[in-house]
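The data blocks that follow each hold one structure.
The following pair of complexes shares a single chain, subunit A, combined with subunit B in the former and subunit C in the latter.
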Partner chain A sequence: MKLLSSFKKELILASRGFYFYVELIFALVILAVLLFAIPQNFSGTSTEYLYFNLPQEGKEIFKNIILEDDLDTKSEMVEIKAGGKTFNAELIVTDESEIYIVNSEEAVRMLAETHRNIGAVLELDDNNQLHYKYYLQGYESTRLKNLISILFNESTDVLKERIENQDVRPLSTGYEPLNDRENTIPPLVAFSGSLMGMFIMASYIFLDKKEGVIKAYAVTASSVWQYLMSKIFVVLLTSVVSGIIITMPVMGFSINYGLLLLLLLTTGFFASSLGLLIASFYNDLVKAFGVIYLILILMMVPSIAYFIPGWDPVWIKIIPSYPMLQGFKEIILPNGDIAYPLIASAGFLTAGIVLFAITNIRFKKTLSV
Partner chain B sequence: MLKRIWTIFIRDLTVNMREFMTLYMIIIPLVLAVGINFLSPSINDTSVNLALIENENPEQAAYFDDFANVELFSDEQKVEDRVMSRDSVAGILPKDNGYYIMTQGNEPESVLEYAKLLNVLYEADVQLEDARSEIIEFGRTVPPLKKMLVNMLLLLISMLAGMLIAMNILEEKVDQTVSAINVTPTSRSAFILGKSLTGMAVALFSSIACLLITGFYNVNLGQAALVVFSSTILSLLIGFIQGLNSDDVMEAAGSVKLMFLPMAGSIAGYEFVTGNWQIFFYWSPFYWAYKANDMILSKSGTWPQLILFIGIILAICGAVYALLAPRIARKLQ
Partner chain C sequence: MIKVEGLYYSYSNDDNFAVKDVSFEVAEGEIFGFLGPSGAGKSTTQGILTGLLQLQKGNASVAGYDIKNISRKMFNKIGMSFEQSNVYSKMTAKENLSFYSKLFDVETRDPIELINLVGLGGKENIKTGEFSKGMKHRLTFARSMINNPSMWFLDEPTTGLDPAIAADIKDIIKEHNNKGVTVFLTTHNMFIADELCDRVAFIVDGVIKLIDSPKILKLQYGKKLVEVEYVQDGNVKKETFSTIMQKDKDLLNQIIADKEILTMHTKEATLEEIFIKVTGRGLV
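And now, the complex of A and B:
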């Protein structure tokens, strides 16, 4: 009962403050960005510069092969500048790349160097065999360079046919990938909702420390844990509301909101308890700023792994935001794994309880800290 | 006038050093710069992950290792377990007449295509020694991802500088010393400049140090300092108005969160939005600062271009100041 009345009081106080509304406005702005600025699928096109140092017939053959993939099967004559010079080029746009066919090797070299894209020259060697000369920037990985160097040892048609005939055996079926817009939801919900709770919780506590509220609690019938928990409830409420504001208009009713609510609450509880623990060591936000900031940055590192599927080192998996991101992703994935967010929620709840218990002991001992 | 500005600056610097805030703001970007150095090589070297059975075909494993990240497991079940893990891994396993590719079913298409291509090249016995290609490199060693992270760090530094100003003003408000300025010979503009110098000095120092730590010592540091200086002016302006508007630390914290939005949006816009849509980000000085930094880090720009970008940033700052000046004046009274 005391906890409920403390929560009501905190909620009334929060609703009078500026921050409560900032959270909601922030969630609405993110939603607007998601709906209107982030396309469903990013056009991840690459740019390439090609020069066919071949007889006219050879040039036509290669150009026509590339033209088959052009979006409207027509090329366009354009001018591109590099190194103070203007080069004429024939532009072919495919699903995956913009290919500029130019008239000299110098053009390929200058364009590749100036615009930092890949360039290639096709020519015949002394044995009348095709020879490929690639212009790369230098920072490409050795493995990529290895692949590029042998890529055209076999004829493209043979490669295509063999690739299509490869025996691929998926262990699970019915998987539908998220589009780019949906794929950006987990980091936004995790960072804007759950993890910011740590920062906000610490800020709340520092404000109350300054105003002597924590000391005042020592002479009331209410216990410190109830006071701390009521604060956490306010942060959880804002994080749940902002999480749902971001998710619902994009995902509609196609996801399990019970699971989403569970993970939002448990991750928010964990982050808030962490914020409380940090706050128990410092007098004000300025002093705690360094620790909070470094933890927030550390928590952001798994988002790199989230967006780069091949980069997933073991050490990154022990950072709490990794299971947060993966948990939110599983929830919004069609046919996602239900067990993962449940296990993650149990983990965050347990960790949150432990952190909260330690914080409670610290606050009891050092009411004025 | 200059002496008073200097006095306010020295006083702020002393107070900030005592409270660790300035030290944090100097140290945190440096730690992040070291972190970027640590992360970027392994990210740049990222390739497709393949899982194979150990000793089943050592020659094949060695072949794939030239093109992909190969992990070896004792039996098929262990390979399956690895494929089922959360990251993207394709297994290549023996069958009666060759090899098949085992996937979890949720890998990006590019991962699957890469695995198929490698398997085809191996089956066709295409060896590196037989390469019919020549690779010419321009000698660049900094990958685009590292450049992007350093650019983000530079913007973050100017944001932190703005926060420092906000915290300084807030401190004055809490101590109720802002109104006391009115009865001193110090003018309001001198007070504003004095309160801003610490943030600017910290931003300049941290930016240059981060560029040096991350290996960008051969970029034009003068150009970089100019961009940092101009973007800090905006952060400073926002920081100043935040500091004046906020009555407590919660409000300042909320304002900081709001400040991150245009910065993050501008970076995302520059990096991901193509063609004519970039026009929607022209209003943001962070967009121009990011663009100018990108030009400097790429060593691809010219002074006239840089001056144009800085001019745009300063013009936007001027417009923001013109809008906010009456408010600042009112709050200082």
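And now, the complex of A and C:
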């Protein structure tokens, strides 16, 4: 009853405060970005500029080869600007690239420089052999540069044959990857739904410390843990609401919302207990900001590993946001591992209980007159 | 109602004690004043007795509960009015009191009744963030009565209030005391202590220097003289008479009988004068 009364009071305070709406508005902004700014799949289309410094016959041969890959097997005459000049070009659009065939090497060089894309000039050398000149940007990967180097030292037929003869055996089957939009959800839910709770919780406590109401609560027949837990309930509520706001419009009903709710609640409990513990050491947000900022930065490191699967060192796995991200990912994966979010939830619940117990002792010990 | 023995407290957990070897008892139904200048150890002692500060050394019990292992049930019996008002500024006066009324296991008072009692009638639905300092202080005072406490801790209950409202607060304290409520009053205002307290303790630098009733202290430390202003032959005369010497007593009786008396004061000491005499310190 006392806990319920405290929770109702916290809801009233939160609804009349600033932070409650910040989290929800933030979730709506993230949703808008997800739906309208992040495509389902990032485009892998590249733009290239070509100039065939060849006899007309040679030009036609190369152009016709490229045209075979054009989406409608027709080229389009366009004008393209670079360096204050307008160049005429023939545009061929394939699945993988937009190729502009221009009429001079100057056009290739200026377009490549202005639009920061790759350009190439095909011409005949003194021995009437094909000569390739590339205009690169300098930041291309070594792999691409090496590929370009060997491409013209090996017969393309040999390369094609070798690729086709490679024996590729998938070791993991039944795995359906997420599209780019879906793949962005776990870090957004983890940070706006769960980790934001740490900051919001600390803010709530500092507001109370400023008003001195903790002391007034401490001389009632209600326990300090009920006061702290009622605040956690409010943060959990906003975490769940913002997590659902971000997830549901994108994922629909294709995921296990029970599991999502469980992970949102346990990670939110952990994060808000951490926020409480931090708040127990300081009297105002300004003094605590440095620590909160450092923890948030640390928590963001696993998101780098999340987006760069090739970089996944062991030490990063002990940062709590790592299992958060992976847990949310497993929940939204079509064939995700249910055990992972369950184990992660158990871990966050346990860690949250330990942090909460320490915080409760600290709050009782650090009350002042 | 309160029993304290050999109480020590250090904020830095060393020998730099804020209160040192403090011992006293408060009887049920008594108003006990804890008087001293800022930083004397008044609020620290009160903080320990209300569980806000952890007992480090010594023994203390309040309303029958051992302070070493405080039971939450103890708070059903005690009320605490803080010197610094501490109410939720985003909640109305009524919401504040209603919320606190649900945190006790005993029958609580009607928030509106308490709001009216402290002169905030009509302001119950205004957010306390819009209240003046004095209004917040009155609401903090009202909140301390929400659970009908039998042990009432009051920390500077009239600080920052205008004289009329301070008088009302004093009347409320007296009224509750008459109903049997024990009051532990922490203040540096000697006039309030003099008016309200059955006994007072003088505390300076964490040490209790003296405990006694204001009346006895004034008799003990006051001069046994009477100062009289009277009219004689159209002129105002002022004379001081001993209340011990027979000659002065006779003269005083004669003046009272024959002359028009303008003013007459006994030259008893004020609590503040006694405090300075006993402790060698002022109250600021």
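The working rule: the second predicted complex is superposed on the first by the 285 of 369 C-alpha atoms of A that agree within 3 Å, B and C clash if a C-alpha of one lies under 4 Å from a C-alpha of the other, contacts with A are read in each partner's own complex, and residues count from 1 in each chain.
We take it that contacts are C-beta pairs under 8 Å (C-beta built on N, C-alpha and C of every residue); 3 or more make two chains touch, one makes a residue touch a chain.
Predicted model only: the values in this text are computed from it and were never measured.
Enquirer: After superposition on the shared chain, which partner residues are touched by A:13: those of subunit B (first), subunit C (second), both, or neither?
Expert: The second partner, subunit C, only.
Enquirer: According to the stated criteria, A:24 is in contact with first (subunit B), second (subunit C), both, or neither; which is it?
Expert: After superposition on chain A, A:24 lies in contact with neither partner.
Enquirer: Applying the document's definition of touch, where does A:223 land relative to subunit B and subunit C: first, second, both, or neither?
Expert: second
Enquirer: Check the contacts made with subunit A and report whether subunit B or subunit C touches more of its residues.
Expert: If we count touched residues of subunit A for both partners, the winner is B.
Enquirer: Kindly classify A:212 by the partners it touches after superposition: subunit B alone (first), subunit C alone (second), both, or neither?
Expert: In the superposition, A:212 touches subunit C alone.
Enquirer: Applying the touch criterion given at the start, work out whether A:204 contacts subunit B, subunit C, both or neither, answering first, second, both or neither.
Expert: Touch partner of A:204: subunit B, not subunit C.
Enquirer: Mind sorting out which residues of subunit A both subunit B and subunit C touch, each in its own complex?
Expert: On subunit A, the overlap between the subunit B and subunit C contacts is residues 17.
Enquirer: Hey, which residues of subunit A end up touching subunit C in the complex?
Expert: Those residues of subunit A that touch subunit C are 1-2, 5-6, 9, 12-13, 16-17, 211-213, 215-223, 364-365, 367-369.
Enquirer: For the complex, give me every residue of subunit B touching subunit A.
Expert: Touching subunit A: residues 19-21, 24, 27-28, 31-32, 35, 39, 42-49, 66-69, 80, 83-84, 86-88, 95, 98-108, 111-113, 116-121, 123-124, 126-128, 130-144, 167, 246, 248-251, 253-255, 257-258, 261, 265, 268-269, 272-274, 280, 298, 300 of subunit B.
Enquirer: Give the list of subunit A residues in touch with subunit B in this complex.
Expert: Touching subunit B: residues 17-19, 22-23, 25-26, 29, 33, 37, 42-43, 45, 109, 112-114, 116, 125, 129-139, 141, 143-154, 158-159, 162-163, 166-175, 177, 196, 199-200, 203-204, 206-207, 210, 284-287, 289-290, 293-294, 297, 301, 304-305, 308-313, 326 of subunit A.
Enquirer: Flag every residue of subunit C that touches subunit A in the complex, lowest number first.
Expert: 43-44, 46-47, 50-54, 72-73, 75-76, 78, 80, 82, 84-91, 95, 99-100, 102-106, 140, 143, 147
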